[in-house]
Amino acid sequence: MIVVLKHNPNQDQFDGLVSWLQDKNITVHTSLGHGNTVLGLVGDTSKLDTDLIAALDIVESVKRVQEPYKNANRKFHPEDTVIKVGNTQIGGGTLTIMAGPCSVESEDQVVAIAKAVKASGATMLRGGAFKPRTSPYAFQGLGATGLEYLKVARQETGLPIVTELMDLSQLPLFDDVDVIQIGARNMQNFDLLKAVGHQDKPVMIKRGMSATYEEWLMSAEYVMAGGNQNVILCERGIRTFEHYTRNTLDLAAIPVMKKLTHLPIIIDPSHATGKNWLVDPLAMGAVATGADGLQIEVHNDPAHALCDGPQSLKPETFDTLARKLLTLHNSLQTLED
Amino acid sequence: MIVVLKHNPNQDQFDGLVSWLQDKNITVHTSLGHGNTVLGLVGDTSKLDTDLIAALDIVESVKRVQEPYKNANRKFHPEDTVIKVGNTQIGGGTLTIMAGPCSVESEDQVVAIAKAVKASGATMLRGGAFKPRTSPYAFQGLGATGLEYLKVARQETGLPIVTELMDLSQLPLFDDVDVIQIGARNMQNFDLLKAVGHQDKPVMIKRGMSATYEEWLMSAEYVMAGGNQNVILCERGIRTFEHYTRNTLDLAAIPVMKKLTHLPIIIDPSHATGKNWLVDPLAMGAVATGADGLQIEVHNDPAHALCDGPQSLKPETFDTLARKLLTLHNSLQTLED
Amino acid sequence: MIVVLKHNPNQDQFDGLVSWLQDKNITVHTSLGHGNTVLGLVGDTSKLDTDLIAALDIVESVKRVQEPYKNANRKFHPEDTVIKVGNTQIGGGTLTIMAGPCSVESEDQVVAIAKAVKASGATMLRGGAFKPRTSPYAFQGLGATGLEYLKVARQETGLPIVTELMDLSQLPLFDDVDVIQIGARNMQNFDLLKAVGHQDKPVMIKRGMSATYEEWLMSAEYVMAGGNQNVILCERGIRTFEHYTRNTLDLAAIPVMKKLTHLPIIIDPSHATGKNWLVDPLAMGAVATGADGLQIEVHNDPAHALCDGPQSLKPETFDTLARKLLTLHNSLQTLED
Amino acid sequence: MIVVLKHNPNQDQFDGLVSWLQDKNITVHTSLGHGNTVLGLVGDTSKLDTDLIAALDIVESVKRVQEPYKNANRKFHPEDTVIKVGNTQIGGGTLTIMAGPCSVESEDQVVAIAKAVKASGATMLRGGAFKPRTSPYAFQGLGATGLEYLKVARQETGLPIVTELMDLSQLPLFDDVDVIQIGARNMQNFDLLKAVGHQDKPVMIKRGMSATYEEWLMSAEYVMAGGNQNVILCERGIRTFEHYTRNTLDLAAIPVMKKLTHLPIIIDPSHATGKNWLVDPLAMGAVATGADGLQIEVHNDPAHALCDGPQSLKPETFDTLARKLLTLHNSLQTLED
């Protein structure tokens, strides 16, 4: 950690700071110059509160040199995390394709879509039973019944299911789900993160609409600090000034996450753009950039979907896309060999 | 609602759309031109799902003419909402000053600060017992004990208390709190919003870091749709590309909210900027722009605060500021008369 | 164009607006409802000033249904624009690879790099002679001499050159350049856009750091309105809250531009990210998303480059990447057949 | 300057870096720890290129401790800059009010408005002769004729004039203007900045739509490095995700600029918001936050303005506002005494 002091720092406060740091087994290297004095702190600085130090009268700024996350940090866990889900896995060279409707609407609907996407090559079934909706007057999801329909679809197809948990009070209902999804709006719902950290199902954390890479990894760290190491990251677009697309899909997140962490990363082009004709090109781009998988909305009747129809693909369009994605993924693996 | 169709829309789909709308008692006015065909929908369009219509093959875009919020809408409730809290009120020409520490740390601390801020002119005591922290390794607040200390401070000073609720499971503990605060990270925690909508304490909703005005008002609408009309809005800075300040304080939110809604609006310059030397000028600016009040962090020892020290004022600095704010508020009222 | 009126519009002003529009050969369709009155304007509305109409007392909002750009609009020019440059072309299924140093530093440097990138598969040479630098104290480019060195490199390799024009006073020097680049900071330097619209060399317009798709296309329209139809678009990252990368590369711009316009689109992953280890994955992603080409910084000694070293690839790294890009491009074409 | 090295840096490269720095009379303080090695560079680091150092294989990151601007830096020029313009001044406790039409449309128009705003208390006349417009088909300003009309209005009223220069080729026409304005879109038109730095009229630089504080100050530094120390800053809103207002007015820029620089700062609430009903509250807020002045659009017929009507005030509305602003400014000065 580096501490830059203001000009002519008060000597007493300076001595106080140094001795306080030394009490914590931190070695302080001082660089005196024309301009600012700079302190280099060496030792286990992970427990030091940067805000506290920055608040001192004599301090101008503080910079952490080490990342504030440990469990999620690639430096301490160089091997890729591979997560087993049902008879498939996420990470480790597999291309995961999670497909299904935004909302579960009926048993028939979800079973029909599950069969279709499985035939096209999907490896997991997605579908929302509890739906976060901006308006209190919009359809809020089928809830527990929706979870039951998803399980029926799993039984019919063998596809593991991933579905969103909105509040920790719903956790008991998620006992038989394969992957618990934490939505973008809940990425910093810290009580919810703690709760899923204390159970053992894999957790997929969607990036908040204005979350930095570090904040996103700190949310993963919340889950992992509770004991659950099976965390998956999902980029679904960030909020920018551009409103032609719903959000701006940040594909740089893929190689950045590959560098900073060992956790797998999934891309959701459907929510990122809000337009179904953008799903195909961006899904292809995501695979070529190195994503571990995709989450894609598929609906057998997008025009009458109860939620987010405009971003859903029809099963036949998804079929074409899924085949292209798998071919691309294979040819990229050949290229890397 | 206005529906813009694509060029040469399929006649069957067009007829289908029009008759579907007429079934819902919507009158459809059609404008045919060189370019696009435009439909003007007249009637109660509030129940129509814009996403569903936008997803139709023949539709290019849909524009709502009416706001999607009702309870919070100034058009239907022209009178300002004034909220009684203890022996003070929020809105209605009063300048509310909520002051206190970011985190409650001890009974002595919070009582001492409460006494100091009351003497300076504060009308409410703020303080966090449950703290949303980016890192799982940071101090998470005193929890229920912190709430008890706040109540002691209220008893000693008569100041009503406002404090943050992070999860609906904590709600029973907030029975004796005066105003429940919903933090920026929970602005779209819809289960939490529903829960506070079904009880009767006033609720202050902080604007999410990347929430639009409309999304913010829709969160207020969630609470109000549950029956609780006592909602206060709080602007605390939005996330932009500028990182010198922690966030960018959007003071235009004050007159915009005054136009769109009847709910009172509070400004939090401490969290918005993250720097205590910016609190004074921006608090003054907020009052002159027409805010109903301020939320300001005050700590008797900012350099050793357990949370967010750099943005806290010392009691003596707050004292000077509070007196200036009250004088400014008075002189502005004279100016308007 | 759609005009939404306020409640109870003044009848005289309403009549005045309608007759003013009819004088301009606009047919006005009126929809009266419970809430707002809506006017649908049919005819050639491209000359109407939306700001002027929006400013009327009786008007609540105005929405254009047609895009404000014509020459650049795919609707009026369905065929892809293909631009001939030297013995290569941009667009039309070719993968253009523009490679070279950020700044031209010496004849030896630029010739050596040009030879290397040509051998690897680059189709054009990029290099800056006039450099836009944030600091007045930073290296500002070799200017006219730099242009001469680029021409030498072209002579040695046959690669056409693309280089940035910063001010219209420099235009005479660009007579023998192949493609004129307009930098992101000059995307709305309208006098410069007019100047390059009145000459006939192809112009590549980089997207401004906070430019919307529409503003970017309007800048293309400035050039095209002057008579020059040879315009290329280049996405180089937009400014967002995320600062780990220099900018956020918006790959959705590729399919969006393919839909809205007939102009070719190039991606610059070097400037977008500012980190050379991100160039490879994002260049691959750009090709798979459908880009017409890439602009990539290559330097034979990145650690001692006079400008933007951290984002430059070494020739050997570029060689590996260029081969992968060409293989990917070929296999994607097979996939589409 | 602080240089953080990667783990286990190559010893040869490390020695090379240290001796290269020592050759430049930089003293290097090395802090070795468990984690990263940190170098503190002491001496005149202003000429060191951070990008070059950051590009070295052994370097993880570089942090400047000193600001890259000198002439504009408050640390080296503690006294406020006060700029004389005609018989008024900008800065030094005066409240400057620049008012007038967005575009000069006719002599009658600008003279009438000039007389009106002078009577209300304006101290300078603003008006555009050369207009930056997003569309090539929109009104581009009266050009040289517009400048003549402004001079007539100055003669009639005594108000100094401020007007925008769009390209350096127009500079000779600006010989008799009082303050040259550089627009937001030209904030990083470095050739233009150099040109106005080599003449002696005061220059007002509007903040770019996505410019950081530091970039804005570096643009001021460009002008000052050329010899012209009479620079004024103007905040006019930054681009964010919120589109209800045209831009987001960043009033924190006022105290931040007061701390970082000695240059005066003006606020433009008209362009920032794009809505005339937001001008009054935000102008009041700007004065209370400590602005040196305001730039406000006034038009005698906003509904028929050739440009930006919706954000212009009518003279009678401006009159009320100007009186309130001056009263507020006076009462704040009393408060500070």
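Each chain carries a letter (A, B, C and D) given by its place in the written order, and its residues are counted from 1.
What we mean here is this: contacts are C-beta pairs under 8 Å (C-beta built on N, C-alpha and C of every residue); 3 or more make two chains touch, one makes a residue touch a chain.
Keep in mind that this is a model prediction, so the values were computed, not measured.
Enquirer: If you tally the C-beta contacts, which comes out ahead, B-C or B-D?
Expert: B-D
Enquirer: If you take the mean of the Cα atoms for each chain, which one ends up farthest from chain A?
Expert: Most distant chain from chain A: D.
Enquirer: Between chain B and chain D, what is the separation of their C-alpha centroids in Å?
Expert: About 31 Å, centre to centre.
Enquirer: For chain C and chain D, what's the span in angstrom between their mean Cα positions?
Expert: A distance of 27 Å separates the two centres.
Enquirer: Rounded to a whole Å, what is the gap between the Cα centroids of chain B and chain C?
Expert: For chain B versus chain C, the centre distance works out to 39 Å.
Enquirer: Give me the residue numbers in chain B that touch at least two other chains, ranges are fine.
Expert: 210, 239-241, 243
Enquirer: Which residues of chain C touch chain D in their complex?
Expert: That would be residues 46-47, 49, 51-52, 54-57, 68, 132-138, 140, 166-169, 185-186, 188-194, 209-210, 215, 218, 221-222, 225-226, 239, 302-310, 312 of chain C.
Enquirer: So in the complex, which bits of chain A are touching chain D?
Expert: So the residues of chain A touching chain D come out as 2, 4, 27, 29-36, 38, 40, 42-44, 63, 65-66, 210, 239-241, 243.
Enquirer: Show which residues of chain A lie in contact with chain C when the two form their complex.
Expert: 210, 212-214, 238, 240-245, 248-252, 254-256, 259, 272-273, 277-278, 281-282, 284-290, 324, 327-328, 331-332, 335
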